[in-house]
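Common to both upcoming complexes is chain A, partnered first by chain B, then by chain C.
Up next, the complex of A and B:
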């Protein structure tokens, strides 16, 4: 081989043994075009991957019903989750938008002796967005959307596309010029041709100034801002951001540039990335967009507590779902994905998921049992009988009524099982779900009047409620202990709140839900009357049972441990009334959280 | 010519720009000088094209489709274009002023040399002025060939000069003598730490309203300087710690410092100022990520030879507790290597495997999902809480450093009820 040798093609090399052959640019572009036209995920089959279960014995109607139920359940649920996330993030996003709107406007201060600033600082919003970086695109995308709606020119920059200052400015200017082009075209100006030629010229901040001067020349003093969002600040090379800040600040007296720095960690990272000289040029205001926990709480409330006809998890499955979020990544996207996997597992792999079609919401919002649109096969009914909860229910009925005929028919007759037992079971389930929502609302109301250290988020309350019985849970006991120390006015306020919640609750038949054990509305009414008039007990039968004064003042909590009574100035009657109120509220909580609960 | 000032804000740029503007007016010629900021013109092409635009008087606009005078991708194009543009204009001298010229040393070996010999290469009278904080010897091209510029040093201002500059910021309605007294006090307090004139001006602008506030609130008169300084003391303390470091920004200071007033309670002022710096600054991490950060910190600051003593799960818990006692181990070596403490030396690199071993040792409950833990390590590197020290392409034996301060780690450890101090070797 001579010195004049030149490799002719990609394989013609003596020094490399591995070859990467990238497709030509034209082919790549064509492939991208094709990919964008076609959907990214192709359907596995016409049935969306649903197959007949029970070793292929499941009817095609049943399979089709599962497919339809999954689609009917998941699509609104996904929308609900997206809406919830947007709603929770809305406040933080609005705060940043307001800041951008008011940036570079001189605020008249009441303070005397004010001096003019020696130099123009660049308005900078530092948005703490949390470590769940996977969710940031959605968050900052929504911020961008809102700012664009407000008439600002926005560039959303990601570190992966801004590895150098040139790439960063190019990306920024392309986005801003595109937005300017759109606004100009909407005004009917004839500057679009010049915008098209921007591709041929060098991208630097001077170009932005020229564009801005051109754009704002006709419009006069414009309230619009040029907003540059650095979505993942920690991902940018420090030198690149430092230079960008230096350049941008030198133009901010002529172009109103506002920078939004999206931080996943803390303010310290700004000090680590930028030099002192650059930081001095920024007029920083901090915003908290870190609301993943609030998002997840809102999602759990709406999906697992309130929305009674969607998914329902057992304690272990729910803990696994929550652990992924709390222990590893705070990712809402990950949480939603896991939720979808759970829904898919239920509808794809469980033959009894067709029973979900029997639960429908009525016009009043209450959950009602309607007939199953298809007949269950003997195999499916056998599976129903094999459920432990069904076995417990039937055995309990046998014990209570002694009706062995009913028991025998339920086990032997498919017709009887489908027409009589199954609707009964589902009615219990519907009642439990409605009552459970009420119970959680009551606990939240009770939490509002206890010290902050005792308050738990709804994700934890839900876990306690599904994993432990009421009398075993330490948290309920702690709440109850605080309630027993309440004074009369506080108890009155709590009762009013509980009354409002119970009135708003959509439980069609209290008697069935509470198995005639406790009439919650009546009990609440009696409690209210007792508190209003402690001298006369609501139940005349109690009037004769005068409790000794010493006993009234020696209180015990749910575990029969004595505790100090703070409200010692109250009369014995009032103390007794308060005691009765506590007992009644505990009874309501116990019934609503369990209702017919743990045996469903 | 090279204008050098070893400190910021010594007036290099403004003096030279004003001088050239004056010169243009006197000489009656225009477009004879081009001012280029090297940070802004981050490529050679931008530098060349802006220079040609300035010398030719060309302004990109919508009419010329925002194009420059000429496209210059390299030095040859630039020299040819300069020759074409200015070759016919005899008698006039053209100037190229390059601010932050030390940045040019990273733009290839020939750029600086060519610029300094531009006059010879083009046959046009061109003078180049370099403005820099760095002395010429530090960015002189190594291969030689560049003509040495004439150096002009811009010394830092004396106290009298600084006070004269600061006095110009006095508001019209305020007495100049009173303002100067305040400025003098600010200079005395801050001049040891703050040498930047702009920063001093910023501090004066932030603190003066607080200084005169008691006068308007009828708590003191303008003659009672001692009392005024005493009342302003909390603001001075906050400024020295937070405002100068920009932990509190201008708008935050203006917004929140008016909430508290010394008239009500001076302690409230300090609390309010500290609160505004800490507001919204919490870093919330997932549970296992917190333990990973703690493990990384321990791996970075503890010697690996003591890992067995600190983290091995022995059979006898009482022995383990004895060995764990950081104070005991530290006491042995306290006299020996106090100056070589890792706490003072900074974090050292550690292998990821070692960090994981510490992580699995300190965490109370068993962790089974190894994939998620590895993902978290990657996230920590992305978020720069860990700094990767091994080569980027290396897939095994990755080494990292912990990039988190002790205060932050203590906060994280406290949130998971982990006593990190017990596991730190030779820390104070």
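Up next, the complex of A and C:
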């Protein structure tokens, strides 16, 4: 019995494995289908894939606004992240470029007019790029770009394409000759013949020498180098690299070859891969290319702390984001990917994301509240009322003012909610973000004067700030304890720095931010005066209490644990002034970090 | 008789009992264990117990027949074993010298209903004997073992027992009992004798539980059925499909709801694709139909390439060539897979291109033919204007990607559980209708691994068969719309086939032709038949239509 196969559908074939669908035919088919069925079915690409939320009750304007807000928010943010990463890596890349520029110069000057040295070492830059191998392509691509810009001939090799010495040499020479072809074709001279001959002849180092002799003869004494970057050194077969080093070293006296070894694990891998003979042929210098932790700190500072109109994460979400970086592979790309996915989810699935349009940056850089460009639907306003932070805010207002009419209107009238309550809430949010940025800056300033063991990166400070209250956090307590032990000159320097930070902070609405409880500029001014003249209290009302009843030699920390002061040279007035300074600074920190943060 | 029993002992020594013919003994490790030494265990009582247990066993056996669950089977077997052992002729004196039961055997007597039932019989056995108190637990366990069973289990063979040994046992037991009831127990003794004789009949002709140990320990060989699934005739693919199509669809409403929920996510997935993510679908069931549906909708936006990664002879280079020639429009498709991937990526990275973007759908990206091309796929995926949608089914599929490859793919993972059968994905498996035939997909699979010469040899026979079939169709009246299944396919004489191949310089000698044919035969692509006159003819066991499609694919 023969078995005739009957395909299941158009994409099942006995003989074909690849099918191509082209738009025109599909559009016709879709047009027929829609004509026959219903005209209400939208193509999948309509509205960028966005759909109406709230069971389809969301207005099309609101949906369009979400889509627009996402692109307006993410594109600058992505650029900001890329710039931040490049900025952090720039130092390491520049160091490698400088090394390449300076390689072989000493040898050339010494060898001029002399016999060749019997033994030469090949300049080798060992670049530790970290375990985040996913980011290496971008990093070494940046290095290659910068070296090419400097006039060097660069070949970027990956282990997957260099399984043998022949493949490695072929890949290297193809890239170098191709770069030459491109550079010369840009000058107007055709290199098609050279490219054709390059494909036909065997790829070996002799070809490289011939090419270099020809290129350098025309250019005279060139400062260019042939740079070979082994992006993932650990992935190369040890024998291949070993042979390459031996062969390339023998050409070093005629072709200035610089090798850049990209490492992901440790410097020991060189000793594990290469033989002693090969290592002895290398003139190795170490570099640290990727500073992923510094990079992530800079990114978090700029995206989550300083940029007030971007996403805010709760403690758990932020910890998940951070764990992906710290516990997985320190990949900046992975971090950015997760951040982007969070932003996509927020603007795609959260109906209240349209409120982001009400926050706009003013000309001074401060965040300002503007009117919402669209009217919120009753469903959206109901969602606003259901937020716990809104409930807390309204109940707090009711307790403070006793205005039940306001409370009732906020709950019952959509108009009142949108026009009166919502701007108030957003203003509160904007003030918090501005104050929060100031608080983190103050903590960083305080960390600079404490021992290194107490210093935490900004990613951790941010987590502490959003996960714990000021009075509960052990780190704040530890910093406070150190601050309470400070001597007058240290406190003076700290106060000067804090003053500078507060003056630079763009907080337009101090009173609202601090709820009229603490006037930060005034408090700082009083603290400065007190420290400058500890004998006279800044506040005349405290004149009676200015004279200490007894010598102040014992203090307590934030947990009321006593500790002994060792500053025996200071007067009691000074010690009391220092004590007051500490209290003022703590009050400022408390206001900045925790005053409204947990209420929003 | 009772005076002969020493009063200082609550129970006589086993040797004494043997002499008196009172006790049923079994031995283990050279030590004896008394099995019946109970004043209450009178023959009448024993007979009543036997009758109870028989009723119980019969009930359990009936239950066993109805329910073949393992629990009931075990229960029945244990009960049957206890009764069976007791009903066997009692060992006579020291005749039962078999060692005690093994642990596994004893474990079967360890508890449960049977143990409780038999404990009524053995409640006051010789464990009361103070002299035997030093016996270890094994002996105590053996005390619960029926003597006949113990010996049979341990020795593996049944020893013929003297028939006379049974009579003193009963008479001695009556002597051992002091109460008056025992004095007039002759009728009960006779009843027990009848019962024991009846038991012998049960041992051979009784219900299944009676034969359990007999069947278990006889040396007649295993009673396990040899009827395994592998002996069933293999179905052809069409047969398999038709049978499976008759099966009612389970959870139809739930599956439809699941599909609707997946369909609702299409726009979200489009949004994710447009944001630079590539989609990786995982989950139970075939995802092919749903992804194809998505690809069809996406194709309205840009060209979509669908690659069946489960295709057994997938040539990824050819797939890329198809992309280059049909989408990009380049004529020159030379180069390796990496070159082609770089070419495609370079095109979609360039600013002056005609095709804005492309969707690449790869079913089973973890398929065997695609595993070595992951770097090329990753290279394509990392292009911003190439959107990749892929599915995986192997549970360890993510292990084929290292960190850098994973970064390049930039997957957004989605669960696409459908519970649909992998009909198309598994259609390339061996679905031969019998062992002598091979399906068209199998033929293609074999041909893909053969040389051009071998393919040409196949082609000659296939073309011959097609031509003969066409001629036969012309000769058949038009009323015959369809050939019956299993219709005879045209055959080609061996000599003619060899001559044709030699004429086209495909083979130079019959030896090489034979070796080539052997390879085809081994793969069941070509079969031969000997006519009554001794001539050999060869044929491909496929119809003309199928052969035509195969030849087209070879072109």
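By definition in this document, the second predicted complex is superposed on the first by the 525 of 600 C-alpha atoms of A that agree within 3 Å, B and C clash if a C-alpha of one lies under 4 Å from a C-alpha of the other, contacts with A are read in each partner's own complex, and residues count from 1 in each chain.
The working rule: a residue touches a chain if its C-beta (ideal position, glycine included) is under 8 Å from a C-beta of that chain, and two chains touch if they have at least 3 such contacts.
Small disclaimer: the values here were computed from a predicted structure and weren't measured.
Once chain A of one complex is fitted onto chain A of the other, the partner contacts of A:329 extend to both chain B and chain C.
Once the two complexes are overlaid on the shared chain, A:285 sits against chain B while remaining clear of chain C. Once the two complexes are overlaid on the shared chain, A:207 sits against chain B while remaining clear of chain C.
When the two complexes are superposed, the chain touching more residues of chain A, out of chain B and chain C, is B.
By the touch criterion stated above, A:136 is placed in contact with chain C alone, chain B being left untouched. With both structures placed on the common chain, the touch criterion links A:341 to chain C but leaves chain B unconnected. Of the two partner chains placed by the overlay, only chain C lies in contact with A:160; chain B stays clear of it.
In the superposition on chain A, A:51 makes contact with chain C only, while chain B stays out of contact range. Looking at the shared chain after the overlay, A:246 reaches chain B, while chain C stays out of its contact range. Put simply, chain A uses residues 133, 232, 329 to touch chain B in one complex and chain C in the other.
Of all residues in chain C, those touching chain A in their complex are 236-238, 266-272, 274-277, 288-289, 292, 294-308, 311, 313-315, 318-319, 322-323, 326-327, 338, 375, 402-404, 406-408, 410, 412, 423-424, 427, 431-434, 437, 439-441, 444, 485-486, 489, 541-543, 545-546, 549-550, 552-553.
By the touch rule above, chain A contacts chain C in their complex via residues 1-6, 8-9, 11-12, 14-23, 26-27, 30, 43-45, 48-51, 132-137, 160-161, 232, 329, 331, 333-334, 337, 340-341, 344, 348. Only residues 107, 109-119, 121, 124, 128, 130-131, 133, 165-166, 191, 193-194, 197-198, 200-202, 204-207, 210-211, 214, 232, 234-235, 243, 246-247, 250, 264-269, 271-272, 276-277, 279-280, 282-288, 290, 293, 324-330 of chain A touch chain B when the two sit together in their complex.
On the chain B side of its complex with chain A, the touching residues are 8, 37, 39-43, 45-46, 49-50, 60-62, 65-68, 169, 171, 174, 196, 198-199, 201-202, 204-205, 208-209, 211-213, 216, 245-247, 249-252, 254, 258, 279-289, 369, 372, 375-376, 379, 382-385, 403, 405, 408.
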